[in-house]
Amino acid sequence: MVFDPIVLFFLLGLLAGLSKSDLKIPAAIYEALSIYLLLAIGLKGGVELSKYPLGELVTSSAIVLAAGMLIPIIGYPVLRFLGKLSHYDAASIAAHYGSVSVVTYSVAVATLIERDWAHDGYMVVYLALLEMPALILGVVLARLGDARDGQASAGLAALRSIHWGRLAHEVFFGKSILLLIGGLIIGFIAGEKGYEPIAPVFKEAFKGLLALFLLEMGLVAASRIAAFRSYGAFLVGFAIVMPLVSASIGILTARYLEFSQGNATLLATLYASASYIAAPAAMRIAVPQANPALSIGASLGVTFPFNLFVGIPIYMWMARTFIPG
Amino acid sequence: MAKAFKLVTIYCEAVLEPLVVREFDRLGIVGYTVSDCRGRGTHGVRSGNWRMSSNVRIEVMCDLPMSDRLMEALEPFDRDYGLLVVRSDVEVLN
Amino acid sequence: MAKAFKLVTIYCEAVLEPLVVREFDRLGIVGYTVSDCRGRGTHGVRSGNWRMSSNVRIEVMCDLPMSDRLMEALEPFDRDYGLLVVRSDVEVLN
Amino acid sequence: MAKAFKLVTIYCEAVLEPLVVREFDRLGIVGYTVSDCRGRGTHGVRSGNWRMSSNVRIEVMCDLPMSDRLMEALEPFDRDYGLLVVRSDVEVLN
Amino acid sequence: MVFDPIVLFFLLGLLAGLSKSDLKIPAAIYEALSIYLLLAIGLKGGVELSKYPLGELVTSSAIVLAAGMLIPIIGYPVLRFLGKLSHYDAASIAAHYGSVSVVTYSVAVATLIERDWAHDGYMVVYLALLEMPALILGVVLARLGDARDGQASAGLAALRSIHWGRLAHEVFFGKSILLLIGGLIIGFIAGEKGYEPIAPVFKEAFKGLLALFLLEMGLVAASRIAAFRSYGAFLVGFAIVMPLVSASIGILTARYLEFSQGNATLLATLYASASYIAAPAAMRIAVPQANPALSIGASLGVTFPFNLFVGIPIYMWMARTFIPG
Amino acid sequence: MVFDPIVLFFLLGLLAGLSKSDLKIPAAIYEALSIYLLLAIGLKGGVELSKYPLGELVTSSAIVLAAGMLIPIIGYPVLRFLGKLSHYDAASIAAHYGSVSVVTYSVAVATLIERDWAHDGYMVVYLALLEMPALILGVVLARLGDARDGQASAGLAALRSIHWGRLAHEVFFGKSILLLIGGLIIGFIAGEKGYEPIAPVFKEAFKGLLALFLLEMGLVAASRIAAFRSYGAFLVGFAIVMPLVSASIGILTARYLEFSQGNATLLATLYASASYIAAPAAMRIAVPQANPALSIGASLGVTFPFNLFVGIPIYMWMARTFIPG
């Protein structure tokens, strides 16, 4: 089989949703599972980080971040001028694709483990790093768009109109960053020995709970697909082609940084994935004029399943082909 | 002993809750009650199965002039967000 | 700007929710809000600790004739299900 | 067919729920509906994230004299507990 | 001890409910636990199924299904004419007893494991098969009853009055069948190797989470017992005798199909158990005239604890006595 | 490190709360986790109890109980006359400190395990014993205070005015006692062999789930600290000094009863800990005139973190110093 059986849980949820089954996962469980996933990933990364020289990550982080910002910068004009979307929608969707998906990353890790590909737990540092900057860039793009449309007198004034304080708060104290970074630090301090007694919950149960989360994601995606159908072929195309472009940037960056094939796959997956936890909430507040049905429909209804079933195998193939073993 | 008040009920997207509470603070409204709900409106079905599709119902008991000010303060949200504001008469008994 | 409407509030068993929504669709009612609750009535205590003993409160803002039609459409459910329908006056502010 | 009733809505601390229901039993009130909520009032923010900071909204449809008796029965709680009682007019349709 | 200590959790919940303790398990947790149990059972069955020739199950399935339909067919006239219940109530209760209880089955499996009785995981296929047909039969019985009472001109017309489409939808896309069958298929595809990484959640945690679910069931049953008390001795007698009759049918069927003693116990338990997840919801919609206090009170308030504490040991004894070892 | 890394989860929750992050743990999850912790602790204690002669615990229990009652008796006059609090508040806070905290106890156990200090699982019997009597004492103190203030004609009449029936019900059927004692009995009956199949949930997952509960406690404590700030230095001082006094009583009692150093640490921790599950709910109903912000603020906002970060290490040091090894 080309994909991990865990993704079948997503299909089951999708089927339940599309068939209007009475299956419903309570919102409280959804919340709890997403808190769990973020913490568990952070912890594991922190424990691994405690075994590596932190310093080495600094340069590569800067490069990974810079290369990652290409994604919204490429995405925005495509959406705006090829897709003829409003500059709000273009900015919001670009931000979703510049940010990352924790679950897509987790499925990639599970697949690597199943195939016995070596990879490093500290890759989660890049996950944490990439989540937010694209959102800020998205807000900036939206405001500069305002300016160009004549709603503000100049680009600089437009930038000044952003509530930087509120945005920074959203960024650093939003629950996903807080749990990821918090988990990283706790894992770093606890180390292997302190991690061991909590590992039955945060490590061994991880894949099973990820399966339940995928079931729920399928249910949510089902409702999004319906809402999304009316928006036509362009966005569906974008939601499939953009991840491939982003993954290619990831493979190039990984090659430049001399990553292993496993780590290269993970970086490609991060770039290719689109956010559906942090981004929708942040964009809804910061760029309210954008239609959330478009961005969530594309990221959750198309790109997420695409990555699960088709994307990750492709990124593994890319890594095997373009990264020296 | 009972005083005539207005009950303003705000049905809106869950992400809007902190912004609405900020308006309360600005207007000097102390008391309010929030509960989670789901629903359907002109913005489509909001099934409540994750935060982005959840609604909240926010209830405020206040006098008529304050309810007018509140309603005015909420108007800007109406353009971009799923929002329904209704007002009715109540007696507050304590 | 405010328009006089009726608020119809339906308290009923949770299993009835999809059947009630089907009536809305039939009558052309677009907007409604649902929240989970528990309670007691002539059908005994409904403690809300599992689906078969849960209630929902369904609220609909509509005009008077529609509220009459809605009430009529719900009457058949009253015989076999725990159901309470009430109506009150509201101003819809947007 | 519709009968004029009063809707008494009680917003209070969750720990008070059994005590309020005991008053209903004493007064002979059979029907009521409870839902969980959070809020803010003169007793501060009640965020609903654990039982000691949760609120409930208790709704009772009854006639005017009963609503007076209920209100009187609830008054002693007002001194020590976070409590808000409001009353409005409703038609009960079945 | 004659029963598994896990059933003590049911007693604890019952005690809490009857003593009006403030112990409450949130509805969201109840929902999550029941989703978990259905999925976990389906997955385990699917994994075991992947090791057996599927073809062999087809004939035995038909026989198990046909024999199982005897239960509502026997139950209905007893309830209607001996118990003098309305034909709605008789049909609804018969449907509950014709369907099956996932938790009763799970406790039987746990008991077999504790006693080291061999049994096969694919028995869960029968669980999935037996859940729904009795519900359809129940609706048919209710409508034919309508016809006989002169509310419809003839049996055929009565049958035609059933919303078959809606009923079929309830049956195949109701959450319990969807999760059971979905789990079966995922387990079948994943196989032992794909199951392993999710086993800490879906296999090892199973019995502990079943214990928590039993605690909740005790709380729910407590509220049902109170409501049920007023309905007299007949229904209590039915709720105890019917499982014994059903279990005997199960033992005979198992003997005919040359099941092992363990599998015979499980089939007897399936027949003897009464539904409280799928049946109550389906009957409430399809036969609203039936009083749910009667059917749920009998199945959850009497038959469920009876099976847990007395029934399963009896069915094991039956299997040991009547099934060649 | 002087403390177990698990307490860092509390800090993370505290940080999230104080920084007004959007991190929220649903109330249903909080409820479920507290039910789990109580049951798990009870079960483990019961299993260990099944290996020891129960009789030996009877005398020591009486002494532990009697010594524990000194805590509210010392606390009340200090709060009333030094702190000038109303007699309602003094009684309520005294009751909180006389009762115990399940989570503080659990963290102490985790720390002992990490440091390889021997200790006995049956110590949980004292946990169960100590939870409630202080609450009754608190109500009595409040009513006697009423009497002295001239609101009742005599102490005896004041005592008679207590709804003993309702209070006894709260005490014995309140969820925390019910789950602890229920767990104890089930564990006792199940024994090591019956415990084993549910151990993945109730034993191995314990520390991980405790970590999640601590995260939630941090969030709750954050909201309490804000409300509490206005009540000045006296109560903060009390919330730090009282645990040290109580722990000293614990060490003395442990020495008299010839406990091991590990058990002495646990007894000191029990005495030093203040309740935030049973006590707040019981006091809110039984002594409504008391301001819950004071008692919960002191116990959850100050004493709980104090014990986690500073207290437990001190109590270990006390045990090492004053208890013969």
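Which chain is which? They are A, B, C, D, E and F, in the order written, and residues in each are numbered from 1.
By definition in this document, a contact is a pair of C-beta atoms (placed from the backbone, for glycine too) under 8 Å apart; a residue touches a chain by one contact, two chains touch by 3 or more.
Everything numeric in this text was worked out from a predicted model, so none of it was measured.
The minimal number of chain-to-chain contact steps leading from subunit B to subunit E is 2. Interface residue usage between subunit A and subunit F, two copies of one sequence, is largely distinct: under half of the residue numbers at the contact are used by both copies. Most remote chain with respect to subunit D, judged by CA-atom centres, is A. Using the mean of the Cα atoms as each chain's centre, the chain most removed from subunit C is F. With centres taken as mean Cα positions, subunit F sits 33 Å from subunit D. Centre-to-centre spacing of subunit A and subunit E amounts to 42 Å, using the average Cα coordinate of each chain. With centres taken as mean Cα positions, subunit D sits 20 Å from subunit C. Multi-chain contact residues of subunit F (touching two or more other chains) are listed as 24-28, 31, 200, 205, 281. Across the assembly, subunit D contributes residues 35-36, 88-89 that each touch 2 or more other chains. Pairs of chains in mutual contact: A-B, A-E, A-F, B-C, B-D, C-D, C-E, D-F, E-F. Residues of subunit B that touch subunit A in their complex: 13, 15, 19, 36, 44-45, 47-54, 80-81.
Contact residues on subunit F toward subunit D in their complex (touch as defined above): 24-25, 27, 30-31, 216, 219-220, 223, 227, 280-281, 284-285, 288-289, 292-293, 296.
Taken together, the subunit D residues at the contact with subunit C in this complex read 2, 5, 7, 30-35, 61, 88-94.
Every residue of subunit F that touches subunit A in the complex is listed here, in rising order: 1, 4-6, 8-9, 12, 15-16, 19-29, 110, 113-114, 200, 204-205, 207-209, 211-212, 215. Residues 8-9, 11, 35-42, 55, 57, 71, 74-75, 78, 83-89 of subunit B touch subunit C in their complex.
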